[in-house]
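Read through the structure below, which is laid out as structure tokens, and then see the notes.
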Amino acid sequence: MTAETILRDKLATCTRIFAMQQMLGLFGHISAYDPETGRVYMSPGQGADKSTLGPDDILVADLTGRVLDGDQRLPIEWPIHTALHEARGDALAVAHLHAPFATLFGIAKREFRPVTLQGSLFSDGLPLYREPRLVKTVEQGANLAKLVGDKRGAFMRGHGITVIGHDIEEMLYATLILEDEARKSVAAASLGELDTLSPEECAAFDAEVAFSMRSARAWGYYCRLEQRWDRQPGSGVTPFT
Amino acid sequence: MTAETILRDKLATCTRIFAMQQMLGLFGHISAYDPETGRVYMSPGQGADKSTLGPDDILVADLTGRVLDGDQRLPIEWPIHTALHEARGDALAVAHLHAPFATLFGIAKREFRPVTLQGSLFSDGLPLYREPRLVKTVEQGANLAKLVGDKRGAFMRGHGITVIGHDIEEMLYATLILEDEARKSVAAASLGELDTLSPEECAAFDAEVAFSMRSARAWGYYCRLEQRWDRQPGSGVTPFT
Amino acid sequence: MTAETILRDKLATCTRIFAMQQMLGLFGHISAYDPETGRVYMSPGQGADKSTLGPDDILVADLTGRVLDGDQRLPIEWPIHTALHEARGDALAVAHLHAPFATLFGIAKREFRPVTLQGSLFSDGLPLYREPRLVKTVEQGANLAKLVGDKRGAFMRGHGITVIGHDIEEMLYATLILEDEARKSVAAASLGELDTLSPEECAAFDAEVAFSMRSARAWGYYCRLEQRWDRQPGSGVTPFT
Amino acid sequence: MTAETILRDKLATCTRIFAMQQMLGLFGHISAYDPETGRVYMSPGQGADKSTLGPDDILVADLTGRVLDGDQRLPIEWPIHTALHEARGDALAVAHLHAPFATLFGIAKREFRPVTLQGSLFSDGLPLYREPRLVKTVEQGANLAKLVGDKRGAFMRGHGITVIGHDIEEMLYATLILEDEARKSVAAASLGELDTLSPEECAAFDAEVAFSMRSARAWGYYCRLEQRWDRQPGSGVTPFT
């Protein structure tokens, strides 16, 4: 298999997994960048049924947003992806989602802090992109990338989240973790003050098992679930347990 | 296809989509008005299984609530629909639903404010119809229409919501947005104070992409989901992501 | 059909509807009383799979708890049913459930008040049976019945609910309403103080449409849903919309 | 059937039931100990699809964590299981799960207290294992076992729960109860202060029906549900009602 075949296949699978998890549907798109060829692979935007997406439905563009194959339209917020692929050599995969729970940290006035071991990944926090606008221009994309800096992504006010990964597997797993942190934070906040993890505690946990190893295992697990998913609307979402 | 064929088909589809989203079931009904013929098309009321509704199940009446085809009974609250179709030339489609989350703004003492970009649509807010009664008479319908004024609908105390649209597509999408605003507001409120969008921010977002374009895309998306829905009780609801 | 055939069939159907709504499963049982024959019909207790229950699985006893047909065991809390059937001529149907939300009013220190039009039915409130014990004896049953008095049932501390009806249809609908009141109260409380309905407002609504008419319509609706339910564990629950 | 056949079969079934209940998936594992042979049976760790697990997928080790059959890898946190099996003669079954709700008592600063009759089982409370690290070494396992002492398990900060039982049936039922206590506590806390059960009230309830009898009935019930589960991702979870 060529790199393109692999990236198309993985990106379509990852899209379907996010759809199964009800984190991507009407909105949201994900991308992967191949620095060797300068090609950006991207899932389609509004209108497409993400649950049944195949490798051939993946769009290809360059870092300027020029579509390379056919005449399909990129998602309107493509600059989120190209800006981050360009700015960060370690952001070979990018997710922009309106995830039901992680998005709430762009709605409530509350700073995110990790509440579980896996959440240690986000010990440095995520900046809040305050501008309540779509990221439609190269300049807006660059501003977002600048705000992200060396973090793992950003919350976007009244909008959603953007999460990066070294590869598609890490992007998937990091995003699932962030959603779970948010979901657990919402529920636990009903019980009382949150006993968040300190930066030292996060660092100690993260040193235990490499994130790439953990994300590879999670990838295999979710791929198995997705293969036997019936793709019924509203079915599929599995708690992060 | 005649206008009637199209409206019957769209209204039945929209009813099934709301049923899939678990926003319409035992209660709730939607309507569309054809100003050329003065005919009001309406989904049936209590008792009907909305998940399997077809074009032939749609009822037809005039603006006075007189049933035009056959001897079927209109929903008891038909004056909601006729009053709004009559009062507003731009209310060619009307939904009255007991939606699980949007209804909560008719229960909790809290004013609605948009919390997401899509919610900008409701920047002007929605009035609260305080009377805890069914809207069963022409007079009650007129009072509701007067309260709605030039807004996009109303919360109804201890009852539900009424939402209008220029066409069925806009009515569906506006209602899905309102439900999502409410759902996210409930969850985010557990985390802290809500960072709602200002009128200026809402106006800026709404100027970016025409609502009619967004609602057309959403219509296509939900139609696709509905076509492959298994219609199992309790299945189908897809978060607005 | 004899009265027995009808009651067995309706009680089994009602059991399956409650199972579909995820309000009855490992726990919970419902009953109907035939004053003509003095026979009490009851769904089986722990261990039975309520989703697939048929008329032949219904148990029969007299008001003293003596099993009349075969050697099956009554649910351990049968005195809830016999006591209420005996004490109240208008309690021909009784549900004892550990419903997910209504039970919370036996856990949180908060008095129940109706928050929706349908909830007007419970305008008089429900007493709280404070004793955190099973109702296993005739004396305990009598105490519960005395506490219920002329109300529509009781919350049971740390335990569940008991709801009565004139017939199975009213018992089903009243219980579905109570569960929905509780569910909406929990969610709305996250938004702010609840704007509950006053006794006068409740009385005005209840005078509009007879409860027996509303419960008959709801019965037909839920029977239709139940007939096409796939009986998958965890599937089926339909919000009260 | 030999003891090994029975334990393998029950442990695989229990794993699938937890998967159905969405309490075990990517994370989590359970074990049973046979004191006659010194063999520890354990469900596999990350990567395995727990919904379809069979008796042959169960791993076998001794109390030192040495795998006895084949070359499969134990879950990384196997010392949780061996330490508790060793320390407690009455801990013949152990569950370590990242259950969605019970885990929240390891996140929010709030002490657990029973809120329902079944929760009386946990009247003595559960200690909080504060160390936000995986339990990967024999020493860490011993520390956890020491903390558990004579209690029924422990909450684990930012991590999950560990619950013990005299046998697999009790371990399953106790864990389902704990999850339900947590779920109801979260929801009820939105309504007001929790009216928890006092130690005396818990003791009185627990004396009524032997836990072993209750857990045997629950086992039969959940086995029946699991047998007809379609194993779709995200389907299956049945509220504890």
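To keep things simple, chains are lettered A, B, C and D as they appear, and every chain counts its residues starting from 1.
Please note the rule applied: a contact is a pair of C-beta atoms (placed from the backbone, for glycine too) under 8 Å apart; a residue touches a chain by one contact, two chains touch by 3 or more.
Keep in mind it's a predicted model, so treat the numbers as computed, not measured.
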{"item": "Degree value of the rotation bringing chain B onto chain C, based on Cα positions, nearest 5", "value": "90"}
{"item": "Proportion of interface numbers common to chain A and chain D (over half same, under half different)", "value": "different"}
{"item": "Remotest chain, chain A as reference, centres from CA atoms", "value": "C"}
{"item": "Chain A-chain D separation of Cα centroids, rounded to whole Å", "value": "32"}
{"item": "Chain A and chain C: spacing of chain centres that average the CA atoms, whole Å", "value": "45"}
{"item": "In chain A, residues with contacts to at least two other chains", "value": "185, 187, 189-190, 230, 232, 235"}
{"item": "Chain-level touch network, classified as line, ring, star, complete or other", "value": "ring"}
{"item": "Residues of chain C defined as touching chain B within the complex", "value": "20, 114-117, 119-120, 184-185, 187-195, 197, 201, 204-205, 208-209, 214, 217-218, 220-222, 224-226, 228-230, 232, 235-241"}
{"item": "Chain C residues within the chain D interface of the complex", "value": "22-28, 46-49, 76, 97-101, 103-110, 132-134, 136, 157-159, 185-187, 189-190, 230-235"}
